[in-house]
Amino acid sequence: MTESRLQYDVIIIGAGMAGSTAAAITARHGLKTALIERGQKPGGKNYFGGALYTHALLDIYPDFFEYRPPLERPVTESGFWFLSNDGVVKATVQGGKMANEPIDAYIALRAEFDAWWAQQAQQEGAFLIPKTLVVDVIREDGRVIGVQTDRPQGDVYAPVVIIAEGVNNLLTQKLGLIDHDIKPASAALAVKQLVSIPAKDINARLGLPDNEHGMAISVIGDVSMGMPGLGFLYTCTKALSLGVGVTLDALQETQIKPYELLQRYLEHPVIAPIIADGQLMEYGAHLIPEGGWKDMPRLYTDGALVAGDAASMVNALHWEGTNMAIVAGKQAALTVVEAHEKGDFSANTLSSYHSRLKETFVMKDLRQYRKMSRFLGTHPDFMDIYPAFLNDAMGMFFTGFGKPKRRLYRDILRSLTSRRPIVKVVGDLLSFGRAVMGM
Amino acid sequence: MEKRQEQERRALPDVYIDDILMSLKYFTDEQELHLAIIDEAVCQACENQPCIDFCPVGAYRPQDGRTVQIAVQSCIECGTCRVLCPYLNVSWKNPRGGFGVAYKFG
Amino acid sequence: MIHQLVSVKQVPDTTNIRIDPETGSLIRKGVPAILNPYDAHAVAAAAEWKQKLGGRITIITMGPSAAEDALRECIEMGADRGILISDRKFAGSDTLATSYVLAEAIRAIHAEDPLDLVLFGKQAIDGDTAQVGPGAAVRLGWPLVTYAVKIREIDPDTGYTLVERRTEAGVEVIKTPLPSVLTCEKEIAEIPYASLPQLIASLQYEPERWTAEEPVAYDTAQIGLKGSPTWVAKTGTPEQHQPGETIDVSEAGVKRAVEDVIDKMLANNSVVSILEG
Amino acid sequence: MTRRFWVFLEQTSGVLHPVAGELLGVACRLTTEIADELEEAGEEAIVEGVLVGHEVTDLAQQAMQFGAARVYVVDNPSCKHYLNRPYTEVLTTLVRKYKPEVFLIGATTLGRDLAGAVATSLGTGLTADCTRLEMGTARKSPKKLLLATRPAFGGNVIATIVCDDRQPQMATVRPRVFDMPPCATQVSGEVIHETVEITPDMLAAEVVEVIADEASRVDIEYADVIVSGGKGLGNPEGFQLIKELADELGGVVGASRAAVDGGWISYPHQVGQTGKTVRPKLYIAAGISGAIQHKVGMQDSDFILAINSDPNAPIFEVATVGIVGDLYDVIPTMIETLRARKGAAA
């Protein structure tokens, strides 16, 4: 075949947050960029809670809000709901810093947002190739020089490839950047239902003044049935996103069907009235890499870089992942631009990706929280006992009228110690603190 | 994991997953299956067959006693089975470009 | 070498359409616009025959600018030329006006590069009317074969094609002269998986745009609302039925539930008449 | 002046399609809905049938039993088997001659092939697959018009469509949407023979072979008992159980679109907006969630039994009786119970 081969300056695999960001930056710097996406459209394979973080979006497009991005509500109230089996203690924050413009986070739906985000990269000059799966990289003398797709005559060449393939990082594994597949202990499965509810009902049920106010809630306790995991609730404009994420090893052990766990959450006496008469718009599930620091692959090799979920860039405690992906995508792209300037795509040159990332919150946070997933794995009661106790305690406190208060406090304490010896409680708190601080 | 009984937990409801899956859009590949059991005998010998429970779309189904079948067309490509199969007995790859689940909202 | 034309439509994917409970109108969000599936298979059939006999495939579609994506998808499958017939003046066209617009376009293309075969999907999934293909055939004065499930043969030398069509009675094999108009079922051909260069070419393809004036000067009395004898007087949502009673197996037990239901069935006059009759 | 309401009398091999009777019933009802206008204007309305074929004149009698006051017969050897162009020519010619106000055609494979061509030839409006027809006022029309209601967007929306400035107002209606009218024993009516010239160029397309096809022969539209399966069967093999129950009840097997799309069973079994409309005496829906597009195809059945393990499945909204449970428990028990009862009765 004498046809000229498909040659680009850079190939980016996966048009998610990391990939489309990287594509926008490389194209902006004049590189001939191919962005390859396996879905019908960017976003078609993506499923998240969730919220996007303004700081990261504005960093890529300073006038982001003027492009009319497809966002749902801004997050004006955020916090925790601690569920017992029939009640809730809410600890949320609104007003104050939450109300400062620009609002720090916006709720979004990925199918629509990612398609738009990729369009911005196309506007910068990147060439989007959808409906195409990259099955392997092409190597020459050990260097990556292109990718092989699943289409006939499907080889594409570039001196450097950014892999943003997502959590199922098979290419990253094939490249030998990590020597093992995801481990059950370091990934969570999140299942979610998007339930359509009229905006005015959402506002009335959740106490939101209008459609320009929204909530991002982490739900702890009864929702995960004792497994290390969290529930969540996000307000879209005319729908609610409700889901549960639990670690894979716990799921395996308990033999609980994820969709039954989710349904149980939706039927919780506190949640059910919020979604009453709602219509299921979409159900889905996705893995979340929670290994963080310890499951991070090597981030570069000769001719290739890895970013986003594929590189385990997720902070499970803070529900952060998309912003890390954006930052990493940008840094990977800048590294590629630099490599093109030098005309050198060796691991040595690309190693600056790692040092660039170290200067960002991504590496700092991932390092700080490196012990968190282990903590939750070894302290399953944290998800169960304390929320139940909290509900009990608050319940007693506010119904204890006509009771000697000394007895009330004693009852409350007993409610805790009957669940867990006080020594262990102190130990839990200490190790939680250490895990958060990264000590 | 230690199970605590002192607080009565609400039971898990029965869920009919196929009805829930009606909310999903798929581009079904009629020509190629992206998911397969490597060795059926391994599944038959598998004690717990956890895949029947952990798959979030219930794509793994018991068939005639101890055989396990995959309803590939309902797969949403999450990867859980690849990671959790105790015998790594699942041949897992992504569907061909353009095929498989296509989230409308995400 | 044959010249085939496929007329396609971009439609909302009706498989998951929902109604806004507040406004009673269709929710467009989350409902992607797709190439009408029957049309996609018609294009696939044309691509198969282009492979066998050589030649060209022209695609036409009438619709808004976004319908360019539908044309690109046809190019991806192997079509050579895509024409978007788009003009505000076409808005409100019913099936009669639409068949006029398409037939005139087909006539113009035929005059420039004679056609052998014109393909339509059997119907569009949004309207399900199945009228535009037959309408266009009548206007062109060309033979029509609806519900085609297989093209057995196209012989440009003798000028005939053999087509199988499905009816209630079975499969009819029709011999019809070229050019003929076919409306196609999905079985007519499998959607091909394009090569990467083909896919890339389709992504970069810029469809031609035709308006109500150029290159065909349409008679404004026959297009848009003016050219459409039918109009929608009102829309609504289907009536809700009164639900009957349900028996829960987990409470009643399978045996009881089944016995109960059979008793209820037998208490119904029309059911008992057939079960015991 | 006479206001003519026409019905196309579809026949194959000398057998009248039941939809013709159903439409004659509808046409008769439509004429009663304009009784006030007729009286005021001193006009009359008449229901007439059009019969095309070869040696089919006998069928005119049947049409009269269902309410046709006059039947136009075009008997031509070229029309023995249906072909689009000669039939279009015949109907177009007759319409131009007699100028009917309303023209109804069954939405069968044949009728749908024909109606679009006839309407286009006449330059008039056609509403396909109507589920409701009535005469009423719309816009500024001085006379009552045909209000044709049909589902769209997969059954999620119903739209009422009118055609006010051209005639005839044409509509197609699927079999079983309307009741068969009572069949009169004593009829009087007129048969008018018409000749329409069929030129050889109209016969350019010809049927060279007919292959009777098992898949096409599934006749669920007129079955008394239908047992349908959906995605809830879990796998294609589930249809064996459905078939077993259908056999036990003397019925046929139907399916939801999801099951057909999944390739579990062939398209002729499909019930719903894009499949067939059915009105059996007994309809059993097993493992079918009840998407709107399915419900519109079966909700007028006399007795609907839904079996589904999800108590919230929309199918229960149209069911006469519902069983919430696993169909793989329920159906075998049902087969067993039916057999036991039959045994006891015998």
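So that you can tell them apart, the chains are marked A, B, C and D in the order they are listed, and the count of residues begins at 1 in each.
Keep this in mind: contacts are C-beta pairs under 8 Å (C-beta built on N, C-alpha and C of every residue); 3 or more make two chains touch, one makes a residue touch a chain.
No experiment lies behind these values; they were computed from the predicted model shown.
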| item | value |
| --- | --- |
| Most centrally placed chain, judged by C-alpha centres | C |
| Top-ranked pair of chains - ranking by C-beta pairs in contact | C-D |
| For subunit B paired with subunit C, centre-to-centre distance based on mean C-alpha positions, whole Å | 34 |
| Subunit A and subunit C: spacing of chain centres that average the CA atoms, whole Å | 40 |
| Chain centre separation (subunit A, subunit B; CA means) in Å | 22 |
| Of all residues in subunit B, the ones touching two or more other chains | 14-15, 21, 23, 30, 96, 102, 104-105 |
| Touching two or more other chains - residue numbers and ranges from subunit C | 15, 18, 30, 32, 193, 250 |
| Sequence positions of subunit D contacting 2 or more other chains | none |
| Every chain pair in contact, whichever chains are involved | A-B, A-C, B-C, B-D, C-D |
| Interface residues, subunit A side, partner subunit C - complex | 3, 6, 41, 111-112, 127-132, 149, 151-156, 196, 198, 200, 279, 281-282 |
| Subunit B - residues contacting subunit D, complex | 14-16, 18-19, 21-22, 28, 30, 61, 63, 69, 71, 73 |
| For the subunit D and subunit B complex, residues of the former touching the latter | 231-232, 234-235, 258, 261-263, 287, 289, 291, 308-310, 313 |
| Subunit A-touching residues of subunit B, taken from the complex the two chains share | 1-4, 6-15, 17, 20-21, 23-24, 27, 48, 50, 53-54, 56-58, 76-80, 82-84, 86, 93-98, 100-106 |
| Subunit C-touching residues of subunit D, taken from the complex the two chains share | 12, 84-85, 88, 108-110, 112-113, 115-117, 119-121, 123-129, 138-139, 147, 151-166, 204-213, 216-217, 219, 224-225, 249-250, 273-274, 281-282, 292-293, 295-296, 299, 302-305, 311, 316-326, 329-330, 333-334, 337-338, 341 |
